[in-house]
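Order as written gives the chain letters A, B, C and D; numbering starts at 1 within each chain.
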Amino acid sequence: MIRPGYFVRQALRGMRAKPMIQLAAVGAIAVGLLLVGVAVVCALNVERLANHWGRGTQLTVYLKQDATRARADALAKLLRSRHEVARVRYISPRDARKRLGESLGSRAALLADVEPDFLPASLEVELSREADGAQARAIVALLGAARGVEEVDYLGRWAQRLGTLVGLMRTGAILVAAIIALACLYIVGSTIRLGVYARREEIEIQQLVGATPAFVRAPFMLEGALQGLVGGALALLALYVFHSIAAPEIEGALASLLARLDVAFLSPLQLCLGLVGGVLLGLVGSTVATGRYVEAA
Amino acid sequence: MSVTKSFGRGSGGEVLALQDVDLHVGKGELVLLTGPSGAGKTTLLRTIFAAERPEGGEIVVAGRNISRLRRSSIPFLRRNIGVIFQDFKLLKDRSAIDNVAITLDIRGIRRKESHARALEALGAVGLAEAAEKRVSCLSGGEQQRIAIARAVVGVPAILLADEPTGNLDPELSHDILDLLDSISRRGTTVMLATHDPMVVANASCTRLVRLERGRIVAMEQGVRAPIAPPRLLTPTPQGLDAGVLQPAEALS
Amino acid sequence: MSVTKSFGRGSGGEVLALQDVDLHVGKGELVLLTGPSGAGKTTLLRTIFAAERPEGGEIVVAGRNISRLRRSSIPFLRRNIGVIFQDFKLLKDRSAIDNVAITLDIRGIRRKESHARALEALGAVGLAEAAEKRVSCLSGGEQQRIAIARAVVGVPAILLADEPTGNLDPELSHDILDLLDSISRRGTTVMLATHDPMVVANASCTRLVRLERGRIVAMEQGVRAPIAPPRLLTPTPQGLDAGVLQPAEALS
Amino acid sequence: MIRPGYFVRQALRGMRAKPMIQLAAVGAIAVGLLLVGVAVVCALNVERLANHWGRGTQLTVYLKQDATRARADALAKLLRSRHEVARVRYISPRDARKRLGESLGSRAALLADVEPDFLPASLEVELSREADGAQARAIVALLGAARGVEEVDYLGRWAQRLGTLVGLMRTGAILVAAIIALACLYIVGSTIRLGVYARREEIEIQQLVGATPAFVRAPFMLEGALQGLVGGALALLALYVFHSIAAPEIEGALASLLARLDVAFLSPLQLCLGLVGGVLLGLVGSTVATGRYVEAA
């Protein structure tokens, strides 16, 4: 019955007339989403870092002296059939000796008299990205009990420290993101509510002359959705700028240590979700805030 | 149209604003409501458009009991009632014409038509030139006339005028009383609350009701006969509920 | 006390609200200001307490040019001017007595004393019982009387009354006019803007000024003689500036 | 002239009359300070972690085969005289061989035929907490050029990764804290402004009846200070609760790896600063926000 054009005009008029209220709401939404965005991007990249380093997670399975090559191949085949295992490599006693020699560097002469097959053969097992600590431990247990296996060497001290640290960072990022999300929800809600409160007289008058709740609400909801859209866009823009500045720094710092790691930005889908989230935030906030005064009359 | 009101206890906190007020008003009547400050005139009018709910008694408009109206029906009731508020209740930071047109806008009338009709109504109160000015920039009397224009622009079935000439000079008061009279003669029921003796003297009312401390203390016949004797119209509940009863069309 | 005002161009946007208004008002006068809606009465009063700055001309109160007053002096000017606003300008969500007492509170008067005096002023307008009620719960006429009580409670040197009886019944209007008259006889200069012919007929004014479209079109002597002939008092700038001139004490 | 009692009463009245405005302002301040607090506590503990692990930073100085014990002692003395060095320990060829044997575990038999002084003697240098990367590199350079030194082994690959990671965390925490602080400043400002805006009529009326700007402002400032105090206290309380919950978790995760690290909370001074910050935030916000309407009239 009522043309949407009317509400668009009303919403725009409202926004022009009270720019301060709009700026407050847009600002709150932008800041809220920006903080959530920062947390998400951090969590995202910590995750990537964990995977990147996690990919290096290796087990070394030392075989018994009397284990045959066939036994080793059977074990390797068994391991390869498991999805949490990425690669398996057989290291012969000769290879092992060579490696030890390399690791001793200038003191390799030490090994000159050692017979070639003094060191045990082993399997180097690289776990897949997806494998977590529990799965790794399961495999270690499995291998420890397997026939022909002497000993399983799992994760060095530093790798473990790093893993713990990355885990803490991840937990921290999630915890902080949750706090931030809740806090920002509160702030966005109260900002929008204050804005509506400042215009409660307008709402009251409209209702006194016979406007339906829907009629009163529509411009506020449109306004809220627009605030959310603009706030969301601003947040993503700011996030992009931060990313552009910070990413090269972080990549530079990591480059000297690791092959290469791009600091990822949000995916197009995530960007869209951010915008949709902003719109929803504005919309729901406005609806709830207006409800108070619409119901009251 | 028939209006019945009676209260056991008045609304508005501990004060008994209205007590056992019993009044039947027929279609096309122009009832003058007088009484000293704080007598309950405003409260009585407010109960009619459901801005105040009586603690007791009932108000029947067009066969519907207002006091038991569903909340969601109130807007549609109000569209058939034009109100000139004592304190104007204008949107201060909007233009005069926007304030008048809002009663049409909420019914979904096209902007062009609603503005044309609003301009006409502003012309009727002598403010056609001020149409685009912001209400906060207008004088007290100008604001009052905008409130009047807003109340009459929808050609409502009932018009409640609360002290509509308090800020107007005698000449303008006269014009406004003429306007209300002609509206009433076209079938709109008008209830006019005032303490201005000049208004009481000049208005061609059908009845004069005097309130004091929430009670009717006097009721006289006015100079004018009601256009139709008080009678019960067939109730048009769907009209009030669905908002399809557009008095403008219904009456012309 | 001497008041001089004259404007080249009116304030308030493109509209010439006031044009070349030239008026001298002596201490203790009671000047009636009439004119049709939109004549410029409110604007004229607003220039006197520096709520509106004229584009040309000057307003002299107690030897001081208001239009060139430093912004920081304005509050102290206003403490010597009581204003009854046409739209009341009350704090809606505070009690009646708080609204009246505020004029005393801002001068640093003890709460006990300010409340006692506010209650007295409320009594003078017949609202002693409503002292603790919230303004938004009061009727139009009750609100207007609170505005009057607030304006007179400080016993100001000048009292500007803008349509002070628009929402009052004849009896109350009479009482209020009596109140203003007695205040004026005690030395307060009163300027009363109204279009109520009853007020014009009953007020014992010293002068009657008629404004139309921002110009003075008529000025008559009133029924009452000014208690003192218009004369220039020795200016008391430090009194206005420092707020130490407390008319209550100064006049009693 | 005007009794402070009046303003206290006015401020309290204002707070009772419009609880929604108060809650919005208190909430914004609390959330703002809480987020800043989280960032500060994170940065604080990353710093502590960095120091803790930084303490383990060791250099191994391999001495030339022909270097005498006296030469080694002279070098150790030289090192001990430097303030960035915490401890120096001499490892004889015999000690070195024993260690290698231990690290080879079950394959230690490999070393059975090796003569005791085949491995070089070395100095294990532990840097002090305060020593940063630049100082460490300086010492490495110094030792590299010293007489009798064959090779300097500095920081393992994992330690370096960890250092980089901790550095990134620190930079990130500071960056995020800065964003948060700015964002919250904006939100607190606009929330307070909206609250004052909703009460602009009150301000206008007060001024029309002759109130001085100071008189109008005082209750708002008092209100702002109170909002800040309550907001600050809430923030610190919430921070304390988070800390109480998170600290044991984090400590538990670290405990298995490191001797012991308490996750630190804010010092009493920092707590006071938080409260003072809240009060200042509320006070300045209210003053600025009120200024608009007080000046306008």
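Note that a contact is a pair of C-beta atoms (placed from the backbone, for glycine too) under 8 Å apart; a residue touches a chain by one contact, two chains touch by 3 or more.
Everything quoted here is computed from the prediction, not taken from an experiment.
Inter-chain centre distance (chain B to chain C, centres taken as mean C-alpha positions): 33 Å.
Centre-to-centre spacing of chain A and chain B amounts to 62 Å, using the average Cα coordinate of each chain.
Between chain B and chain D the centroid-to-centroid distance comes to 68 Å (mean Cα coordinates, whole Å). In chain A, no position touches at least two other chains.
The residues of chain B never reach two or more other chains; the list is empty.
The touch graph of these protein chains is a ring, one cycle where each chain has exactly two neighbours.
Pairs of chains meeting the touch criterion are A-B, A-D, B-C, C-D. Considering their complex, residues 20-21, 23-24, 27-28, 31, 34-35, 38, 42, 53, 107, 110-111, 113-114, 118-120, 150-151, 156-162, 164-169, 171-172, 175-176, 179-180, 183-184, 186-187, 190-191, 193-195, 197-198, 242, 246, 249-250, 253-254, 256-258 of chain A touch chain D. The part of chain C that touches chain D in the complex is made up of residues 49, 51, 72, 75-79, 81, 83, 85, 89-91, 93, 102-103, 105-108, 110-111, 150. The part of chain A that touches chain B in the complex is made up of residues 1-3, 5-6, 9, 17, 202, 204-213, 215. Per the touch definition, chain B reaches chain C in the complex via residues 12-13, 34-38, 41-43, 86-87, 137-142, 145, 162-163, 166-172, 195-198.
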